[in-house]
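The following pair of complexes shares a single chain, chain A, combined with chain B in the former and chain C in the latter.
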Partner chain A sequence: MHRTEQEQAELIKEISGVNTKKCMKCGKCSASCPAYEEMDIRPHQFVSYVQNADVKALLESKSIWKCLSCFACVERCPRDVKPAKLIEAVRLMVIRERGGNYLTPGEVPELLDEELPQQLLASAFRKYSK
Partner chain B sequence: MVYSYYPGCTLKNKAQDLDRYARMSAEALGFTLEEIEEWQCCGAVYPQASDEIATKLSAVRALNDAKEKDRDLVTLCSACHHVIKRVNDDMKNVEDIRTRANNYLKLNTPYEGETKVFHFLEVLRDRIGFDAVKEKVVNPLTGRKIGAYYGCLLLRPSGVMAFDDPENPTIIEDFIRAIGAEPVVYPYRNECCGGYISLKEKALVGNLVDQVMDSAADKGAGELITACPLCLYNLKNSGTSKKLPVHYITELLAEALGLITESKTPQQATGHQACSSASCGVFDPCGSRQMDMPACPLGSLPAGIKEVGKGA
Partner chain C sequence: MQRIGVFVCHCGTNIAATVDVARVVEAAAKEPGVVHAEDYQYMCSEAGQLKIREAIKEKNLTGIVVCSCSPRMHENTFRQAAERAGINPYMVEIANIREHCSWIHKDIEEATEKAVILARAAIAKVTLNAPLQAGTSRVVKRALVIGGGIAGIQTALDIADAGYEVDIVEKTPSIGGRMSQLDKTFPTLDCSACILTPKMVEAAAHDKITIYTYSEVEKVSGFVGDFQVDIRKKARSVDMSKCTGCGVCQEKCPSKKTPNEFNRGLNNRSAIYTPFAQAIPNVPVIDRESCIKFKTGKCGVCAKVCQAGAIDYEQKDEIVTQNYGAIVVATGFDTIKLDKFDEYSYSTSPDVITSLELERIMNAAGPTKGHLERMSDHKAPKSMVFIQCVGSRCADKRGKSYCSKICCMYTAKHAMLIRDKYPDVEVTVFYIDVRTPGKNFDEFYRRAVEEYGVNYIKGQVGKVAEKGDKLLVQGVDLIDNKRILMETDMVVLATAIEPNPDVRKIATMLTASIDTNNFLTESHAKLRPVESPTAGIFLSGVCQGPKDIPETVAQAGAAAVKVVGLLAKDHLVTNPCVAKSDELLCNGCSSCEKVCPYGAISYEEREVNDHGIRETRRVANVNSALCQGCGACTVACPSGAMDLQGFSNRQILAEVDAICK
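Right, the complex of A and B next:
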């Protein structure tokens, strides 16, 4: 189903439950983010990108595969904006499309080692594929 | 006191020490962990999107099982605890999720978040009491300097997890004191180890783990303890810093309670112990879809995935 960027932005807001207008742009989310250096679009920018319906850039951003879901940004936001929920919504928008998966079962044997816990595979599949 | 107990996928395989030392310690401290029958993998990450119901159902089934037995539900793995506690909050407070999950499950009585969820450490703190734990210690770990590694999932978001102060927690330090050792407080104890990113982003995880290890070593820790199998794996296997030993909380508890008398047998050490199929859940890394491979025998997991990979 083809959606305009405005419609995609509304969908991101709906499934994330985030009110982007609450953000006061203090940057504490990005300051707290352990993956900040790896991100091309930073957590605080996700909020304004969604607010401005600049969704194409978010869908192409490598940041959605770098977020650790550590909830530091959620915990420390003074306005309770929850940037991690926006990042998750964008990631879902990508992997819910055919061909959007970031991890396939065929890749896994190469990535295994003797100590790798089941929890890692379960969580990676949940985050990276549908 | 009998608690319903949700072990989760990893405690049946790579993290058997976390599980069995918890059960042994619980008995020594006067409570029993009774495993839920036919539990299913929690999915290991909390589904944040408001339109995802299927990925929350395994947690609801576990919660409802405890409710039907009129028991509190105890977890050990940080990820299981995080998922089950947050789904329980949704079932209690988010009407849309509660309605849709119940419509799907068609339980005899709708589940509405009635079950109380405790992490094993919370049982020690809030039900047994660390003073009572200390009284049962026969082999105090005197002189050992131990850093608590909290990670993320037990603490955040604190409004729902309500585990401890999210920025300055004390529960594991209090636990360390109870078993006779000296807690070492260090800045990175509640910063992320990288979590699931370690599957595909080795460099990033290496940096994060080095920060944790360097921070703990700088403050004088001789070893770290954690409740999370993925934290333990990342801390032990990523990064280039000098490594401190990492143990599960329950391993040191059992040691202090005098329950570890022999060195591990090779079978136990490899983590490929067989278990009865009745006590094993269904491992389902793809979410709501059922795999045609049962969780047991558990050593088959990598082999099963290899077969899938070859066929793809």
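Right, the complex of A and C next:
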């Protein structure tokens, strides 16, 4: 099924339950995000991109694989926007369209990196596997 | 039978574009009792009112129905018109066919039908109207101001200058409020104390002003024009008439470990203390919870060293009871607690401070004698970070939904003053928006950037962490789309403000309404901004909403004018639409008293004549001056004895019948 970007944006909002209009563009989510430097599109931009229905860029963004699901942005956002839920929704959209596992246990050792927090591993399976 | 006249207003096109007024006239004319019906473009105009007056005379009308806008707008206009033509003003009814009809409907058919129904209900009601006489009540020529900050002081001065007596009740040991804690004030950077203390002195010296400090309002009864108030003067333990204000007691007091409230807990004070040097009155109080004598019975040093013999450990709280015509609330604000904002390390690092704490640090009489230093090691900072909007503009439960309004400006002030006095200190401000509406305000902020080199970053701080003796600030620059990780020496939080928490207690005592943020509600956001919806209660300063000093002073003056307008009246006309109990039906059950929000109902033993049987019964009695005509009691009364004049049960039912016809 082919969806327009507008429809995809609506779907992302529906899956995540996020109302992007609540964002006041303060940037506190990005200021809190531990994966900020790894991301090409930053948490606060995610909110704006979805609001503006620029979904293609998000689907191709590496940020969706870099987000740690630490929920710091959800915790700190003064407007209760929950950017991480949007990122999760975009990720789900990609996974569903690919229709398979993005991460298998066999791949883990080679991807492991000293700097990455432990927490990442646990959530990674939740995020990248069907 | 009444002779009723119906007048249907077009309100230009406001009504006539959606309601077919001719059909309303036609339908009204057929109702029983209606002997005259007409429409006109603007009933409220002189010409429109003349039509009503002429019809009253020509047709001998006894009741009037005006189909027009809300009674809140023009009920009074039409009542006066009727009165001028010789009929009782309470024989006028309004059918609201604008707010309740034309403005909310699009379809002409529907709107016209509804307008006819509303007219019919008003006609049914006026048929049962009876003439009512408004009574009068006295006006006590004295005002009470609760809160002695700049708002309360200014209101009191303005009322007193108009020739009326004013009492100020201030909770703390001195008047002055937050302004006495500030160092310099935007936008002109004059020293706060230099402009505040003359006002404090003037208030203290004014022969019409009485100041009760270390006092609180304990009980309020009565009503507009005649409130009765109990003021609790807490025991100072120092005789005001003997104390010379020399300060020896404070020097010698051995109990010196109580956090100094005036300096926001940045240093300690003695058990016997005056909050600051220019305090008014300059008479200390003993904080009995910290005093060794009150805790253990031993000490008494202050009494020994006091040359004037002013120390009085036996002093008791005193209740002063006084009557007032008007009450002004000026209870101001505090900064919110930051315990829910762990990310800024406020509770763990002494070098993360609020802006109000910075005011004390910069003040020559403050804990560091005006020298800018870190509270942890007393070293001068080389770099400082300011974070705006901390706890303001929050949709979550951690903070406040509103913009605190003053922090953009005071942050620019702080940044500028620091760069001016310590040009080597790097100053960075993180902001979401810089909000500087106000005369010369934006220019002030731009000066901070362009002349003083303050580094403003559009973005927020996500985390402040302690790192050695430094603070690590993690933020984001939204313009450069870049992460910022910087070490700094001090972090200053522009903390949200909130109404003084005990305003809830005050509001309950005064039956004045407050909003969800505890700000006192004004009677009309635009047209009655300094009046509470409760008659005789006025609002001054930040207790009504965030304000800076210029706005506070302007509003304080406005509140004073309203008070003076009230006190200048010889008497007040009371609303005759009040509850009245039928003594023959009342069984004295007390149901009505329990629901009355204004305490207007009491019971008395009265001799009644019930169909020839004389007996003494306990019956309800309504104080018509206190009753606001809300009607709660009429619903609560199980025996149908309680009725509201002008809105009797019969009248309401007649309206319902007419609507359902």
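As a convention for this text, the second predicted complex is superposed on the first by the 108 of 130 C-alpha atoms of A that agree within 3 Å, B and C clash if a C-alpha of one lies under 4 Å from a C-alpha of the other, contacts with A are read in each partner's own complex, and residues count from 1 in each chain.
The definition used in the following text is that contacts are C-beta pairs under 8 Å (C-beta built on N, C-alpha and C of every residue); 3 or more make two chains touch, one makes a residue touch a chain.
Here the structure is a predicted model, which means the values were calculated and not measured.
In the superposed model, A:Ala35 lies in contact with chain B only, and not with chain C. Look at A:Pro78: by the touch rule set out above, it reaches chain C but stays clear of chain B. Which of chain B and chain C touches more residues of chain A: that partner is B. By the document's definition of touching, of the two partners only chain C reaches A:Gly27; chain B does not. Touch criterion met: A:Ser69 reaches chain B, while chain C stays clear of it. Of the two partner chains, neither chain B nor chain C is touched by A:Asn52. Shared-chain residue A:Gln6: touches no atom of chain B or chain C. By the touch criterion defined above, A:His44 reaches chain C but does not reach chain B.
Residue overlap on chain A between the chain B contacts of one complex and the chain C contacts of the other covers 72.
Residues 343, 389, 393-396, 398-399, 432, 458-463, 474-476, 478, 481, 483 of chain C are the ones touching chain A in the complex. Interface of chain A with chain C (complex): residues 22, 24-33, 36-37, 42, 44-45, 72, 76-80.
The touching residues of chain A, when paired with chain B in their complex, are 14-17, 34-35, 38, 65-66, 68-72, 74-75, 84-85, 88-89, 92, 102-109, 111-113, 115-130.
By the touch criterion stated above, chain B contacts chain A in their complex at residues 8-10, 12-15, 41, 43-45, 47-52, 55, 77, 79, 152, 155-158, 166, 191-192, 194-201, 204, 208, 229-230, 232-233, 236-237, 283-287, 301-302, 305-306, 308-309, 312.
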